[in-house]
Structure formats: structure tokens, C-alpha cells
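Each of the next two complexes has chain A plus one more chain, namely chain B in the first and chain C in the second.
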Partner chain A sequence: MQGLPTIFLIVTFNFFLLHLAPGDPASVMAGEAGAATPEYMAQLRAQFGLDQPLLVQYLRYVWNVATLDFGYSFRYQESNLSLIMGRMAATLLLAGSSILISVGLGTLLGLIAAMRRNRIEAALILLVTVLAYASPIFWLGLMFIVVFAIQLGWVPTSGMVTAGGPGAGLGHWLDVAHHLVLPAVTLSLFYMALYTRLMRASVLENLRMNYVTTARAKGVAPRRLVLRHVLRNAVLPIVTMAGVQVGGALGGSVVVEAVFGWPGLGQLAFEALFARDLNLLLGILTLSSVVVVLANLLVDLVHSIIDPRVALS
Partner chain B sequence: MFRRQLMGSVPAIGGLASGLVAPAAVRAQQGRGNTLVVVTTPEPTVLTNAINSAPSVAELGTKIYDGLLEYDMGMQPIPSLAESWEVSADGKSVTFKLRQGVTWHDGQPFTSADVAFSLLEVIKKFHPRGPGNLGPLEAVDTPDAHTAILRLAHPYPPMMKGLSSMECPIVAKHLYEGTDIRNNPANNRPVGTGPFRFAEWNRGSSIVLEKNPNYWRPGRPHLDRLIFRFINDPATRAAALESGEVDVAFFGTINPAEMRRLAGLPSIEIARGGYEALAPVMLLELNTRKAPLDDKRVRQALAYAIDRKFIVDNIWYGFGKPAVGPISSVYAPSGLYTDDVLRYDVPDRVARANALLDQAGLRRGAGGIRFEITQDVGPYGDDYRRMGEYMRQAYNRIGVRLNLRTVDQATYVRRVYGEYDFDMTSGWYVGMGDPTLGVQRQYVTSNIRQGIPFNNVARYSDPENDRLWAEAATETDPAKRGQIFQAIQRKLVEDSPIIWIMEMELVALQNKRVKNLITTALGVRGGLYETKLEG
Partner chain C sequence: MPPALRRFLRQPAAVAGAVLLLAVIGLAAGADILFPEDPFEMVGRPYLPPMTDGFLLGTDTLGRDLAAGIVHGARVSLLIGTLAALVVTAIGLIVGGIAGYVGGRVDTALMRFTELFQTIPSFLFAIVLVAIMEPSLEALLIAIVTVSWAPLARLVRAEVAGLRSRDYVQSAIATGMGDIEVLVRQILPNALPAILVAASVMVATAILFEGGLSFLGLGDPNVMSWGLMIGAGRAAIRTAWWMCGIPGIAILLTVLSINLVGDGLNEALNPRAGGRS
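For the complex of A and B:
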């Protein structure tokens, strides 16, 4: 239930924060046009509602959001909600697959690093995680493009579908998957490194616990011990962290989407910010915060399933 | 902020890319059929260039819409929707005979009513350059469905250079009449008479145009489809061109250093020409109302101190040539250009600059510094910042300390054009088809308009200069008009309210399998109906 006040605070904070930025959408549009007349500027400002006092603009905005009206983007000549929804799917696909990749790979690598402690595999895994953790995400993305798209030609450089390619059916989805590989991997690397480290520490900690000793004593096979007992307990911090990653993935997707020309919300937010299309930007931030709140609810749910000690109240 | 960081990283990435292995070939083009893929930036916000003159909107709209005229490489008018035209003896009316049998993409017939409506109700009211291009246009008579007579309040020769599909696209009256034109749904589902018709817009990634099978030019266009792709990161755009996913990269999508590298690849070449209708000049605007820049000698000294050739060769990798004054040499074929002006590129220019500053009473103080000024760097990419850094060095030699200030476009427009809070700012202006249409706005007193971007922000005001521009706008004798423009150039270069640096070459990069990309003065802002793919 604390979701709603959280969203209200986010809306209020964002509204005033964004209005601190100098310049307005009319001046940007005139700037892009390369020419303007006073009548053109006045026309634009009236259209954007910029001739109203700030408080009026705010109250109007809160009321509109409460009634699920996110306004109309005069810049794009389309309703903000339909602009955002058009991009939401692409971002959720990218963020979702990157979370799956990072949780899956991170858990696996962390488990291996813990079980093969003091072996060369563990050392290699830890080296990779340090590199993945420390490299700037846009640089990694560009390097992947140079190697896998230009030199090897395995995947396309950018975009979500082949321009003029199959528009529907299985071919379309394979095409999307082909385009998804690089951006999803790029976006997942940072969290994959984090999960690997977290998982390794968590597994090592669990291996020292009494229940492991007990299980060993009663003769549980080592493989079964790890998969049935240790894994289930060790994965709890990862699930918690995955809730945090939803927010991080939405933020990180701004960079990854720009590098890979992925038509998602991050790019729309970026353009809206530079164009001072504040209503659109507010809409994006508000709906993104809804996604994050929902994702965290989901994480709580998963927690209660994996760990019987946690009860949903 | 990280857009700037991304851009900064581009040359390094490019260098690494070329160092690794030979680039992969044409995989990406297979199975695409007779489709040309171009990349431009930013993504248009609206698809009708009748109401928005942003470059990428014009690049798109000119494929869908036709103008009354087109222009050859020498900027001479050639037929488009108008088959022939005649200017009356008094210069106050122009009769256009329109092409018969032309239909809109929705099947409706195109008539003179569309021309009258587009010019008077759409272009003149909503196109940012409409009031300049159509100036004294008062009425359009339509005696029959294929004749349009433009009635002017006074003679206005520049109008004949501004009737292209870029400046005055003809839109369909039956879709716009009686509607809120700025918010008409047709703005995003454009219906024109042009070589390509709108198919789909995948926001954030691409716009697909398909061949107009009923185009009035027989056998054109050659392409079946034309796809615009939008990629925000400049390094990725270069990669897409290199991998063959994209056939043409428009000007401004790839930075100059990377362009030189890509042009060296076996599959890619530079598409020159096609910016004559724009006549772009890169320049520094000075705040002539602020000391010490209110002193002509100081402005001249700042003009002398810069080595334009160095800037062209090193900052812009040779994509341009040094400018000598406000009017680009692309106007030379029309007789409107002269280089017989005060020259700032003389060998002893630094000594002259120092002498002028001494005369102005600005002696060197502590550390050899005479005074300090700030340059607001135009928000058009990293090259402008690097040019500012060169200028800081150049001005050091005449005892002027230059500080650089870099902000995003919204803040920049507000500060420079809204508040006049600047000393010197870099940027580029398009002169359009005639100096009256694009150059005049920066120099006449009537265009000192606070808060309106891209006008006379230097606030230069001189009665003699104002009189000359007014005469040039209405003079119908080409020889006399040429003389007026020569006088304007000599006067402005002498007064130096702006420092002209470079006539820009707005070149595109193309895959070598693309043929006939640039065939008119509009270049990639033309219809591309002659463009084809080979191999």
C-alpha cells in the first residue's frame, strides 16, 4: 500500500526538479528549426501551456496523473501515454532479458566460484567480474559492436528489427532476438558481476552453517546438498538485489539504448529531456516508478515462496 | 551530459575499429531488395516540413511532397509541380502553369487550389521561414485548375529561389482546410504528390517510405523503398554504415574525423555537393553592444587573429573552405558574391591585430593580457568545442584571454538569444537560395528581436546597411542587384559584427553501390527519385 504515496512523492519531486532546468520546449523547437518569428514562439508557448503560473501547471498535472491522463506531446503530436506505451515494450524486453541473463549467469558463476575455490576457474571468474564491474557500459557496448557486428558479423550493429525485414510471425521474433543479444548482454554485465560476487560470498557463508554439517553427517550426497539445500538459501540475497536491479536496468537502459539504437523508453526520456518536453519526461518517470514499485512487489512475492519464514502481510 | 562523453570517445573507438581486422563486407545488404536505408539524426518530431523546418523533417518531407520548383546545381529553377512560369514586367505577379494529371497519394487530383491554400494558409503562417520566402505575397489567383498567379505587394526576386519542396512544400487542401493546421493528424501521416509515400513510422527506430507508383515523373523513382533509420550514438551510426546495414549517412550524423576514416574504406565514398540551396556558413557572432566589442577595431583584430585555413583543415578535416565574408561563394553563379573585400587572411594578420588593439587603447597588462572574453560554444557537436580550444590559443597571441562555456541547446538558446548574456558565440547559418532569404536576418536592424533564435543577435545596426538590404530585396535587374550585394559585403566585412570562418560542405557518406544520390542543389533534401542501387 505504500506504493501510492511513493508515486505521488516521485511525481511532485520530479515536477519541480524538471522545472528548474533553464530553457523551455518552445525555444528548443525554434532552435531546431533554425529560424523563428515572435508569432511562432508565442504560438508554441501557448500550446505548451507555458503561459500559466507554475503552481497552476503543477496542480493541473497532479490531477491529470491521478486520472491517468499524461497529457499530449505537442512536440511529437501524439498523446504521451501512447508514446510511452509504444516504447515501454522495447524497454521491458531489454531490461527483462538482461535481468534474466545477469541473475542466471551470476548465480551459476558465483556457485562455481564458491565450489571451485582456489582453482583456476574461480580466479578467472573473479577476474571477469572485476572487468565487467569496472568497465563503462557504453564503452563495452561499442567494443561489442566493433568485434561482434563489424568484424565477425554475427549480429547487427543496432536497432530492434532489420530495416525492411519480416514484419510479423516467427521470422520477426527471431529477428528481434538477433538484435537483442548485444544490448541485453551489455546491460546485464554489471549486475552479472555483482550477482557472481554476492552468490559466491553467500554460498561460502552457507557452507559453514550448521545445517550443512548436519546434512553432510546424515549422508546427503555433495551434489544434492548444494542443489537442494545450499542453493535455495544462498540465492535469497540475489532475489533482493534483483528488485533493486529493475530500477538500475531502467536507468542503465538510457545508455545502452543510445549505443544500440534500441527504440525504448530511455531514448525517449533522453530526447524529452534535451527538448524540455517536461510533461512527456514526467510521464516516463511516473510510469517507470510504477514499474519499479510493481517489480518490488513481485520480488516480495518470490521471497515468500522461496523462504517460508517471510510471510506476506 | 553523457552524450558529450560518448562523442568524445568516438575517435578512439574508430581508431581501434580500423586497427583490428578488415571490415566485413555486404552481408547486411542481402535480402533487402531494392531498398535504400539512410541514417539521419535526430528523429523528426513531425513528418510534414510545411510546418517545421528542422533539418531532419526537411530530409523526410522532401521525399513525400513536391514544390512548385526545383533547382539545378547552379540554383537555376527547373520545373516540378509547375511546368512553366512567367514573371510580369512590373515584377509584381508570377504566373505558374501547373502540371496536369498529378494526384495526391490518396488518389485525389492536385489542382491550383492546393497551391493557393498551401502558400497562403500553411507556409506563410506556419513555416518558420515562410514569411521570408513568400515576403510580399498577398494573394494567389486560380483562374483555372492548372494556373496559379501569385500577386505580390512589390517586386521580390528572391521568392523565385525559395519555392522548392524544402521551403514551400505543397500540401493537400482537402486534408488541411478548416482544421487546426499545427495539430492536423496528416502531419504525422503525410499525404503528398512526391516520389515516395508514407508507409510506417516505428518510433525511435525507423520510418519506411515506399515508391509512389503514380508519380508524375515517368519511370521514377528507381527505388522500391526508402527507409530512414534513427540511431542516437554517433559511433554506432558509423558502425552501421561500415557493416553495410545503412547505405547513406546524412551530414551531421558522423563526425568529421570518423568521416575521413570511413571514406578510406573500399566500400564507402563521400557524396559531394547538394548544399548549394542552403549556402551554409560557420561563424562567430559578436555582442557588438558590449565593451570592448562595441569598438570596430577590436572586432577586426579578433577577425585577423584567426587562421581560417587551419580551422578548416584541422578541426573540420577539410570539409569546407575559408569564408571571406557574410555571403557564401555558392552565390557566385548568380553574380551575388565578391571576394574583393577587406581581407583578414593576410600574412601579417597577427601584427595587424596587435596594432589595432593598441590603437583601441587596450594595452597589455599583467601576464600580457589585454582583456578577457567568453565564447559560448554552439551546441552542435564536439567540433565546435575543439574549434573554441584552437581560438583560445590564437587569441593568446594577441593578448586576449578566451574562456569557453558549453551548455545544452535549451540553455544556450535562452542565454544567447533570450538574454544576450554572451560576448562571442559560435554557430552556423544557412543562407538559403538567396542572401535576402537567409543571410539578411543576421544583419538588419529590424531583425534585432530579443528571445527569437537565429536573428540579428550581434545587434548590429547601420542605416546604410539597412538601406542596401531593402534595395536588394526588390531590385529586379540582376546586374544592379549584384552590385548592391557587393556593397553590402564590403560594408559588413569592414564593420566585422560577425567573424566568418568557413563555408561548410554538408557532405553525405554513401556506400559505393548507391548511384545518383546528389542530382540537384537540394542534394539529400531533394526527392531522391533518380537514386538507384547497383550490384
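For the complex of A and C:
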């Protein structure tokens, strides 16, 4: 339940942002000055109580968000909530797969780098992580498009589905997966590099611990020692970091979606930005933060499963 | 030679990073001498590949000199990176210093506030902030600082809280030294290595952030920057990859050099913590 006050604070914060924006709040909320009708503006004023004292406005704003009312998009002729939810799945798919890729690859590469410390594999892994750590992801995405989509033709250049392709069933999902590979890998590389470094340091540290010496003395086979004992302990910092990555992946997906034309929340935020639809933008920000809070709760849960010493707060 | 500097110079990667970084700084400083003309000026035939017609890095879709853009863009990246790191460090020192030193309820409240900024997805948050302000370098700076001060404040808090309970600090307090003096003269010098390393990483993060925002067209449209160049070259990516490729390499090398220097500093300033491999 620790997440609830955080969400409340974020909503409060958003309210201030809305009033920080220059201009009449109703026109800021309506977006695209001039496009909204006077009736719509009047409706906005009534719904958010914009002619009333700031405190009343604030309470109404909180109430609206609490009842999942994020307003109505004049441009799309649809409620902001249904717009956001419609795009949420695509973003969660992209962010979720990138987190899985970075945790999986990062753990593996970090383990290899630690176990084969003075060999060529470790040096190569180090080089890849240093480069991935310094690359702007939007640029990496563009270069991947040049190589893998344009030159080699392995994957499509953009979008989520092939126009006129299979609309449902296994064929549809394979099509989506085909489109997903490049953006998901692009989004995963930065954190993959981070996990590789964390995992390497963590494995090396664990290898020096007493329990490893004890297990060795008891005659536990090296492979079993690493897989059953060291891995389980060494992976803990990665689980913690994965909670942080959720926010990073949701934010990073804005650029990756822009590069790959992935029809998710980031694209919607971008469209809202250029239409100056601040209300929709803040709705996206609020719901993304809710996802981060939920993900952190999930991480705590996973943590307590892997490490029984960690009590759920 | 101070021992920290000697430890820094003993690491080949850190020295290479420092040399690379100095080269970028040199280019940025000499931009007006190397390329006196406005980098937005159309000076040649469009779509020239690198090394043709006297253009070292070629021209873009409008016939602008890419080399001039790279050199002038270095200024923006370094300026935003350095200023953002300075402001973030200052905020981190104030918020983290107070939270860690005072402790108790003040600490809880400040950390709650910090947590808030760590929960909101930062890039999305930055976009909203830029949307509220007019696009300019100041707006970029404000947005980057707002979304990235929190981790540094946490680091400072942890350092200060840890040092505060040490005996030498406690005895300084017992001798009647004022709070500010204890904080500045006793605690900060010992927290400095960790803060310095985090600040150097912050420069790199801010450069990456600036690149992303400018690429999306959210930067200052009147200032030539690497992100802006990549965004402009994107339309021609099928035929002229170098228009996006070259500015990206510039970002990559700059960020890489800063990261290498940061790692080197970490090793040089915290020899015990860094010396495990």
C-alpha cells in the first residue's frame, strides 16, 4: 500500500504542472488553440471547475483522476482513458520484452565475464557493455534499421503489423514478434550493459564468500555450485535494478517508438505533445507512473520469493 | 604528483578517455576558428558523401556542412552536459545534505519527495516539461535537471548520513562546531570522491538526454546540435546513412570518453572500493 501516497503525490504534482503552463488552463487542456468549440471549452471549465478557487479545482482534479476520468480528447473524439489504454498494451509489450531481454542477456553475460575472467570472452563482453552504455538509443535504433532492415532485409523497418497481413491467430503474433525484435533489442541494450556489470561484480563478490568455500570443501561440483548457490545470491541486485528499469523502459520507449513507428503510449505522447494536448499528456504520465509503482510492488514480491530474508513491507 | 592523479594515469582506458574528452573540448572551443560560418548555412551540393568536394564529413539534405555541424554541436552537448551536472550536484548537495545531516522527519519527507521524481518515467516527464515551456536551451536544461537530480540527492544523503555517525564528526560536534561548518568542513570533503564520480556520470547522462530530446525536435531549433542533426538526417536514412551515423558517433565517443574518465576517477579516488578486479 506504499504506492498509493506516491500516486497521490504525482497527481498533485501534475495539477501544479497544468497551472504552470502559460495561458488559460481550459485552452491548455483543450490543446490546439482554436480547434476546440466554445461549447467544449465551457464543458471543460465546468468539469474541472476552472472558474472556481484553486483548492476546489485541485479537489476536482484529484477526484477526476481517482474515478479514472482523464478527460476527453477533442482531436481523437475519444476519452483520454480509452486512448491511453488502447496504446498501453503495445508499450507494455515493447517495454516488457526489452526488460526480459536485458535481464536474461545481462545475467548470462555477467556470469560469463566473471567465470572466464582473464580470457578473450570477458574482454569482448566488456567492450560490448562499454559501447552499449555510451550509445544514444535512438541512434542505435536508426543504425539497426540501416543494417538489419534496409541492408539485410531481415526485419521490417517500422510498425507493429504488416498491412493486410494475418489479423489474428498464430500468424498475427508471429508477425508482431517479427516487428518487435529490433525495437525490443534496441531498448534493452543500455540496461543489458548495466546488468552485465552488476552481475559480474556480484558473482565475483559472492565467489569470495564463506558459503562458497564451505560448499567447495563439501565437494559440491563447480557447475552446481555456480548454478545453485552463486547465481541465486548474485542475481539479487539485478532484481532490484529491474524495478528501476521499468520507469526507464517506459520513458525510453518514447524515443524507440518514434524511431520504429511502434504504435504505443510514446507515440501517443508525442502526438499529444505536438497538438499541445496537455491533459492527455498528463494522463499518460500519471498512468505510466502507476505502472512503475505496480512494477515495484511486483519486484518486492519477486525479491521476497528469491530471498526469504526480505520481508514484504 | 598527488597519489590520486598517479592512480588515474596508471589506467590506460582512463587516460584514453581523458585524451578523447580533451579533443572534444578542443573542437568545441575552436569551433568559430575551424568553421567560422554559420553551421545552418547551405555551403555545398546536398547529399555529398564524406570526403568529397572538400567536405570531410559530407553534406546533409540541405547542403549544410556536416563537419561544421559536428564541431558547433560539440559546444551544445558539452554546455548542456556540464551545466546540468553542476546544477544537479548543487541540488543534490542541498537536498541530500540536509536529509542526511538532519535526519528524522525532515529526512523522511525529503526522501519521499525524491522518490516521487524517481517513480515518474523520466523521459516522459522531460517531454511534458519541455511541452510546458518554449523550446530553448534553458528549457532543455530545466527539463534535464528536474528529471535527474533525485538519484544524486539519494547518494549524497547516504554518504552524509553514513559519515555523520562517525566518531570524528561526533567529536567535532561535541567541541561546539556549528552545523554548517561540520557539514562543509568535516563531512563533505570525505563524501566528495563518490559525489564527483556521480557528477561525471551525470554529464554523460545529460548529453544522452539532450540528444534524445533534440532528435525528437524538442530542442532549440536555432542551435545546431548532434540530436538535431540526427533528426534532420533521418528522412534520408535509406540513401545517406552517414547524415545520421556521423553525429551519433560523435555522441557515442563523447559519452564514452566521459564514462571512461568517470571509471578512472572512481578507481583513483576510491582505491579500496574500485580495486576488486
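The definition used in the following text is that the second predicted complex is superposed on the first by the 271 of 313 C-alpha atoms of A that agree within 3 Å, B and C clash if a C-alpha of one lies under 4 Å from a C-alpha of the other, contacts with A are read in each partner's own complex, and residues count from 1 in each chain.
As a working rule, contacts are C-beta pairs under 8 Å (C-beta built on N, C-alpha and C of every residue); 3 or more make two chains touch, one makes a residue touch a chain.
Model, not experiment: these values are computed from the prediction.
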{"item": "Partner chain(s) touched by A:A90 [first = chain B, second = chain C, both, neither]", "value": "first"}
{"item": "Which of chain B and chain C A:F270 touches, first, second, both or neither", "value": "both"}
{"item": "Contacts of A:G164 with chain B and chain C, given as first, second, both or neither", "value": "first"}
{"item": "Touching partner for A:G252 - first (chain B), second (chain C), both, neither", "value": "second"}
{"item": "Touching partner for A:I150 - first (chain B), second (chain C), both, neither", "value": "both"}
{"item": "Contacts of A:L9 with chain B and chain C, given as first, second, both or neither", "value": "second"}
{"item": "Touched partner set for A:F138, first chain B, second chain C, both or neither", "value": "both"}
{"item": "Touch count on chain A, higher of chain B and chain C", "value": "B"}
{"item": "Residues of chain A that lie at the interface with chain B and also at the interface with chain C", "value": "21-22, 138-139, 142-143, 145-146, 150, 255, 258, 270, 276"}
{"item": "Residue ranges of chain A in contact with chain B within the complex", "value": "21-25, 27-38, 40-41, 43, 47, 74-78, 83, 86-87, 90, 138-139, 142-143, 145-147, 149-153, 156-165, 255, 257-264, 267-268, 270-271, 274-276"}
{"item": "Touch list for chain B against partner chain A, complex", "value": "2-3, 5-6, 9, 13, 16-17, 20-21, 23-24, 27-28, 31-33, 35, 37, 42-43, 45-46, 52-55, 126, 128-129, 131-132, 182-183, 187-188, 202-206, 208, 225, 227, 229-233, 235-236, 239-240, 242-243, 245, 408-415, 417-418, 429-430, 441, 449, 451-455"}
{"item": "Contacting residues of chain A [partner chain C, same complex]", "value": "5-6, 9-10, 13, 17, 20-22, 117, 130-131, 133-140, 142-143, 145-146, 150, 201, 204-205, 244, 247-248, 250-252, 254-255, 258, 266, 269-270, 273, 276, 278, 281-282, 284-285, 288-289, 292-293, 296"}
{"item": "Residue ranges of chain C in contact with chain A within the complex", "value": "112-113, 115-116, 118-129, 131-132, 204, 208, 211-212, 215-216, 218, 227, 230, 234, 237-238, 241, 244-245, 247-248, 251-253, 255-256, 259-260, 276-277"}
